[in-house]
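To start, I am sharing the structure in question, which I have written as structure tokens.
A, B and C label the chains in the order they appear, each numbered from 1.
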Amino acid sequence: MLSPTEVKTVLEAALLASGVPLTIADLRRLFDEEVGGDTIRRLLDELRESWAGRGVELVNLASGWRFQTRPEFQRYLERVNPEKPPKYSRAVMETLAIIAYKQPVTRGDIEDIRGVTVAPTVIKALEARGWIDVVAHREAPGRPALYGTTRAFLDDLGLRSLEELPPLDDLAGSLDLGAPPADVAPVSNGASAADAPQTDEQQAEAA
Amino acid sequence: MLSPTEVKTVLEAALLASGVPLTIADLRRLFDEEVGGDTIRRLLDELRESWAGRGVELVNLASGWRFQTRPEFQRYLERVNPEKPPKYSRAVMETLAIIAYKQPVTRGDIEDIRGVTVAPTVIKALEARGWIDVVAHREAPGRPALYGTTRAFLDDLGLRSLEELPPLDDLAGSLDLGAPPADVAPVSNGASAADAPQTDEQQAEAA
Amino acid sequence: MSLALVHDADAPQTPPTAKVRGEPLAELPQDLYIPPDALEVFLEAFEGPLDLLLYLIRKANVDVLDIPMADLTRQYLEYVEVMRRKNLELAAEYLVMAAMLMEIKSRMLLPRPKPLGDEEVEDPRAELVRRLLEYERIKAGALRLDELPQHGRDVFSVEVWVEQAIAKRLPQVCAEDLAAAWRGLLNQARVRQHHRVTREELSVREHMSVMLRTLQDGAFREFQELFDPAKGVPVLVVTFLALLELARESLIEVTQSEPFAPIYVKRAGEADHIEAG
């Protein structure tokens, strides 16, 4: 016969090791002998109290009991959480790279370099993140917006200035980046456009 | 500035939330301010001690620190999660033992020791588990692959390094294998039987 | 001491080596009937000839370092013979081992040469003993590895739910990611350039269309007919490139009956692969 302390130890181990919430019925199955639902409930309450003041708490959800981190600790955990963090799509990253390295640029410039149209969601994702904004408008038909990166962008990437962006000399030399974008990529046939991501909108949302 | 207790609370929460082992370097990244590696190590030791007698323990593995359930509690926990664990055949376990103790070895080396051909499925099972991989190729005809064990192997067996593998030597123990057996003083039958490795229960289980 | 052919009734249920230690040597008549199914299971419990030999040695409780070769060899051959008779699949390794045992046995029968000086005479069994001990060590090692608490079997990692009530996790980007994205772009641009080669690409495709239109009726045209020298060298070059591109894309057929004979060009097939204009 297990003592209440031993039962509590088993309950704690089971709940910590379970990826999903466990019900009282689940927890009763842990034991050979009959352990009453009321007893389990009382021990779970004791367990919850014993975890007060820790970074992890025992909570009672609709689907059962589970241990979870306290929200206040999230800011620490996300720095180390080795789970794959969400990633921006290629469309977002390429657009950001173009804005960072070639600013100020219009959406048209970005489309010329990328060879595909840039979905509004891509620009919006970067604006919402506070990494780019409209710095001016080009004196051209339609007065298109010129985008540049923000101070928050530099802060978030740990850079003091744009000069600290990784240099690109190795590849840049092989392509005339100074030339007007029209020279770079007037893609007209379907072949090369087919290689490029066509679903910018979905990609942006994949973030 | 966080107090040591607060640092410990964050460490505990981070380790409880991470399914994979975290290194000291990972854990240092939890904090804005500089927390020394030695401090972290000391606090981890304290944390480990504070978990003594619980169903979950903090262990130090090849790839870092991780909370995991204690083997003694598996008999309770498996009732809630009745998933059948992988059970490896003797062929697989012997091959693993040869790779673990003799690495790096080729398949030919394994076959020499076991005295039978090694089925490709045996190697594949161990590779699929992430326990072995090809570490190099021997400079010999056919450039056969040299296998070694991985960090995941050590982690999964609760080891920090290969030095923590159970020793092999105490078996044939004092025996000088280089010397002609005829010269070695005959060991009494009883003694050699006592040295024998078989433990009936395990062998029976392995059947 | 003799090594008997032993078939425990319960051998099929447990591997024979597990039954060895401390058990009295059970001698059974050699003509004992063994149900073929049972024998098969019994023999399959062995991982190979070394495993079988170790079993025989341990079962007879003899010293590995002083193996009675005659008994062991006879015993081993009996097993191999049973396997063969029952048409069990007999791995080649068992036969190799049989040959090796007989060779050792015969060498043991020969008078030992007197040692010359300090030179030690190698026991014919030395290599076999070394291999048996090595294999036995590994067998034990395998058991010990299997005894270690194994992640996913005996222990499980703790991974409590991370409650994310405060803020949505945002993708992290580092400067190097950005550089990588830019390089990716440049590579794409270069690939596109490779395919396009120059701005002339457009006019090449234009000329391809013109040429296809010229060849629309499907008739053979002489090669020279397709060129208009009056338009200047660049156009001649572009026209020629267009011709080559069309041939590469199998849109036209270029034929010549013999060297220096006139070259004829004809549209291939009927399908209109290139959009005019």
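Following the convention adopted for this analysis, contacts are C-beta pairs under 8 Å (C-beta built on N, C-alpha and C of every residue); 3 or more make two chains touch, one makes a residue touch a chain.
This is a predicted model, so every value here is computed, not measured.
Viewed as a contact network, the protein chains are fully connected, with every chain touching every other.
Among all pairs of chains, B-C has the largest number of C-beta pairs in contact.
Inter-chain spacing, taken between the CA centroids of subunit A and subunit C, is 38 Å. As a whole-number value, the distance joining the C-alpha centres of subunit A and subunit B reads 34 Å. Centroids built from CA atoms put subunit C at 25 Å from subunit B.
Within subunit B, residues 16-18, 20, 56, 67, 69-70, 77 each touch two or more of the remaining chains. The set of subunit C residues touching two or more other chains comprises 156-162. Chain contact summary for the complex, subunit C toward subunit A: residues 156-167, 169-193, 195-196, 199, 202, 205. The residues of subunit B lying in touch with subunit A in their complex are 9-10, 12-14, 16-18, 20, 22, 26-27, 29-31, 53-56, 67, 69-70, 73, 76-77, 79-81. If you check the complex, the residues on subunit B that touch subunit C are 15-20, 56, 66-71, 74, 77, 85-86, 88, 90-91, 93-94, 96-98, 100-101, 113-117, 155-159, 165-166, 168, 171-172, 175, 177, 180-184, 186-189, 192-193, 196-200, 202-204, 206-207.
Chain contact summary for the complex, subunit C toward subunit B: residues 13-15, 17-22, 45, 47-51, 58, 61-66, 91, 93, 97, 120-123, 125-126, 129-131, 133-162.
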